[in-house]
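Read through the structures below before going on.
After this come two complexes, each holding chain A, first together with chain B and then together with chain C.
And then the complex of A and B:
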């Protein structure tokens, strides 16, 4: 197990390294030089004020989303319950956009954005809870209802954006999820939140492992299933909201990462939860590096400087492919 | 509920008349109802006449035609896939069409207006075909829907990449287009739709009886001499031809194809696909025409896209209708289940499938037996009324 952790950690470090050198404007040799203490002011600024915080934010957001997805899937016993398909992410986006659009929060008061995203995420999850009703136990039904909830929340977001059209340009990047232009402020906001709720999630790892076995077994083992589930859901919503407030709605990371983590580390969440954080960080970081590299290549090929590929688009495509796989791999079940 | 079918026509006509009256008379300039005929008569001489004939009438006509197309297409998809949630939005059809239209706009490739519907059709066919290919045609409804959600998400991601690349002006345009808007549409847009309708309507009429046969299930349909897979593909093609031109003109007006068939079914639960088809088209027209009034007037100087309104109202209302509709077949099956549990699976396949009725026949029978247990209906009723309550909140 520790060897797997070591391999994954190495992979994350490699991804982080690629991410540091992937951007435009500096060759790898210059990056190495700057890290060694050389380079002129511009290069130092690019590396330490732009690329490093971006890297850290990508790592932190990926870890948050990975843990949130795993907690959700375990608490609801539903392999399709990512934050995206349970209404949490669209709700968080709606909350943040509404708070920004109505002037209650802005980039100057980032904590308000996080709180608004959190409230919105809770509202989205509650809406799904009400809508799914008795069909909650059927994973595919819940997922389908989640898509419906997302549609309603998306409509509301659109209305808010139309009331405050000036925000559209900055918000669109955020609807798809991007790590572009993230600076130290975002990181300072993200890490205490992520650390606190991540620790809470890790404390819940034991109960969650029991919950995965089913309510009957959990009750027999002396666990108050309803309370543990409520706490776990709160944890997942808070983690998702933090990540959404930092980088926007990164598509399908919360759905993709838990499957990878479970495949690598097995079903014991005390091990898998940190593993999911590591996998999430590696995936988002790697996707960001790939997005930067490919947008660089595309810009060279198409000869247009303004082309940038947001990382959210890449993760959405990956996640869509994975969703297809999950749906196809279980032909005998009802979904 | 028995006389609901009789109420359908008056309700429909009243809503349509009210919506058209509002659409034609309200706004700036305000044209009182009794002056409308006069304004229509001398169209070119007065300002009111020009506004009414050149702006408001084509907009109303477009809303009605687009709504009818979307409503009919929604019913065709739902019946062909035997799935009450199979709507263009969930199958990647709408996103594909939108991508086909938005891509040349952003990449600033200038195209003649006649090519636009073709691009939209290409995109819609791509999205829908991809979904059905990936899911497999005969798979269970939820599998098709989740696959559709995945395909739609991928197409959406492509769209968002385009939006990130666009500059501020293009962005506003695309965003409004993507939400579905009827603002500033003229007679040219309306006349552009006719050729496609000429193709689609006869095909729809020919296809409707086959749809009723498809509802019996694939095996029964094959036994009756219908090639189920081919018929399903044809139905999908018709739906694409209906949806794509509308999307090309006024964007993906969301969830009309979800709401309209459910309204038609709710008013007339005992009929079959042939009967539902015109009603579904009519309800689609009414929904879009009604939704266009607040879209135009709610935030008066600013126009809100009609698609946002239909999404906000359509989804909760449709889910509520779905719930109340699926309670009735359950009750019917409970009555049947106590008599002969063995004969139930066929019945379960034949009734319009609610969300909880997609199991394989064996589980269907088990489900039925479980529901036949006394007292098991309580939670369903409670949750359904809760769903309606949230729906009402959304409407407010």
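And then the complex of A and C:
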């Protein structure tokens, strides 16, 4: 197990390294030089004030989404659950966009964005909970209702954008999910939030592992399943809201990462929750690096210097492909 | 009998809106006894077992465990005293046998105790009790039906309770594995002095392995006694709605049923007794 952690950590470090050199205008040699204490003021500014916080925010948001996804899938016993398809992410986006559009929050008051995203995420999850009704325990029904809820929330977000287009520039970033332009302020807000709720999620690892066995077994083994599930959902919503407030609705990370983490670390969540955090960090960081590299290639090919590919577009494509795989082999057997 | 671990249902009523399930059940299970619950589908035997495990609360009456009202115990406190093996369980993707059996320790260890490393001796003993140590690191979902049932029995045993409730533990198993599971239960009960209540579909198993048979019909107890007293052609007709004969096993002496054909369902189901 510790070897798997070591391999993944090494992979994350490699992704982080690529991310640091992937941007335009600085060769790897220059980056190395700046890291060693050299470089001129501009280069130092780019690396330490732009690229480093962006890297950290990508790592943190990825970890949040990975853990949130695993918590959701375990608490709902649903391999198709993820913050994106259970109304949590679209709700958080709506919250953030609405608060910004109404002038309650913005770049000057980033904490308000987190709170608004959290409220929105809770509302989205609650909406799904009410809509799904008795079909809650059925993964397929939850997925269908999740699509409905996501569509409705997405529509509401679009309405807010039409009514209050003033802050449009910053708002669009939440819709796709991007690490572009993330600075130390975002990181300072993200890490305590992620750490606190991540720790809370880990403390629930025992009950969550038991919830994976099904409510009947969990209850017979002495777990108050409904209470444990409510606490777990709270953690998942808070973690998702933190990530959405920092980088926006990164598509499918929360759905994809838990499957990778479970495949690597197994079903004991004491190990797999930290594992999902690491996988999530590696995936988002790697996708961001890949997005930057391909932006450079695309920009050269298309001869448009300002073209940038948002990382959310990349994770959405990757995640959709994986979702297809999961749907094809979702287990429905009982014993 | 309030000081030892027996179970007692007193005037238990339970139902869902518009659908009564149990209509006044009185039943006493003596400490250390092996009791079989029998009856047709929907007669309320599984419901009675869930009430005895504290998973449901009676609408009227009460269920006592060693003299304590289950309604006053928390879920975890109840699970420290009673283990229930459900009839079926969903798949648990990626979970190994040892991990699943370890989940049985939740009631004893609590949410934070489960975070600590290591199995306790109870988990090792439970794996040994049902003979699955050699598969401990295999995936539960990769096992055969009979093997999985033993693993689930081990999870219930890991709760280390004095009372073991089994809801049709032999469903879906072939005869070999049915006897395997039942013999394991009988052996452990003798070794540990467990109180065991099983819902059984197969009257042959009930007549052979149980010391006492409680028959339910329409949410009421209609027969209660040793297999020799209870298993009669009358019981076959009244409780199981089949016509048949009853003989004796030539070596063991326990009743053996020879069911013949099903009887038509009665119109006034509620007034049989």
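A few points about this structure:
As a convention for this text, the second predicted complex is superposed on the first by the 329 of 335 C-alpha atoms of A that agree within 3 Å, B and C clash if a C-alpha of one lies under 4 Å from a C-alpha of the other, contacts with A are read in each partner's own complex, and residues count from 1 in each chain.
Basically, a contact is a pair of C-beta atoms (placed from the backbone, for glycine too) under 8 Å apart; a residue touches a chain by one contact, two chains touch by 3 or more.
Everything numeric in this text was worked out from a predicted model, so none of it was measured.
Steric overlap between chain B and chain C is absent once the structures are superposed on chain A; the two fit side by side. Shared-chain residue A:130: touches chain B; no touch with chain C.
More residues of chain A are in touch with B than with the other of chain B and chain C. Contact with chain B, but none with chain C, is seen for A:163 once the two complexes are overlaid on the shared chain. Once the two complexes are laid over each other on the shared chain, residue contacts for A:80 go to chain B alone; chain C is not touched.
In the superposition on chain A, contact of A:320 is made with chain B only, not with chain C. Of the two partner chains, neither chain B nor chain C is touched by A:50.
In the overlay built on the shared chain, the residue A:147 is in contact with chain B alone; chain C does not reach it.
Once the two complexes are laid over each other on the shared chain, residue contacts for A:112 go to neither chain B nor chain C. Remark: least CA distance from chain B to chain C after fitting both complexes onto chain A is 5 Å. Touched by chain B in one complex and by chain C in the other are residues 331, 334-335 of chain A. Chain contact summary for the complex, chain A toward chain B: residues 80, 85, 127, 130-131, 133-135, 138, 140-141, 143-145, 147-148, 151-152, 154-156, 158-159, 161-163, 165, 168-169, 172-173, 175-176, 178, 251-252, 306-310, 312-314, 316-317, 319-321, 323-324, 327-328, 331, 334-335. Taken in their complex, chain C has these residues touching chain A: 53, 55, 74-76, 78-80, 83-86, 88-96, 99-100, 103-104, 106-107, 109-115, 141, 145, 148-149, 155-156, 159, 172. Those residues of chain B that touch chain A in the complex are listed here as 85, 89-90, 134-135, 139-140, 142-143, 145-147, 149-151, 153-154, 156-158, 160-161, 163-165, 168, 171-172, 175, 179, 254-255, 299, 302, 304-305, 307-308, 311-312, 315-316, 319, 323, 355-356, 358-360, 363, 379-380, 383-384, 386-387, 389-390, 394. Across the interface of their complex, chain C is touched by residues 77, 79, 202-207, 209-210, 212-214, 216-217, 219-224, 228, 262-263, 266-268, 270, 331-335 of chain A.
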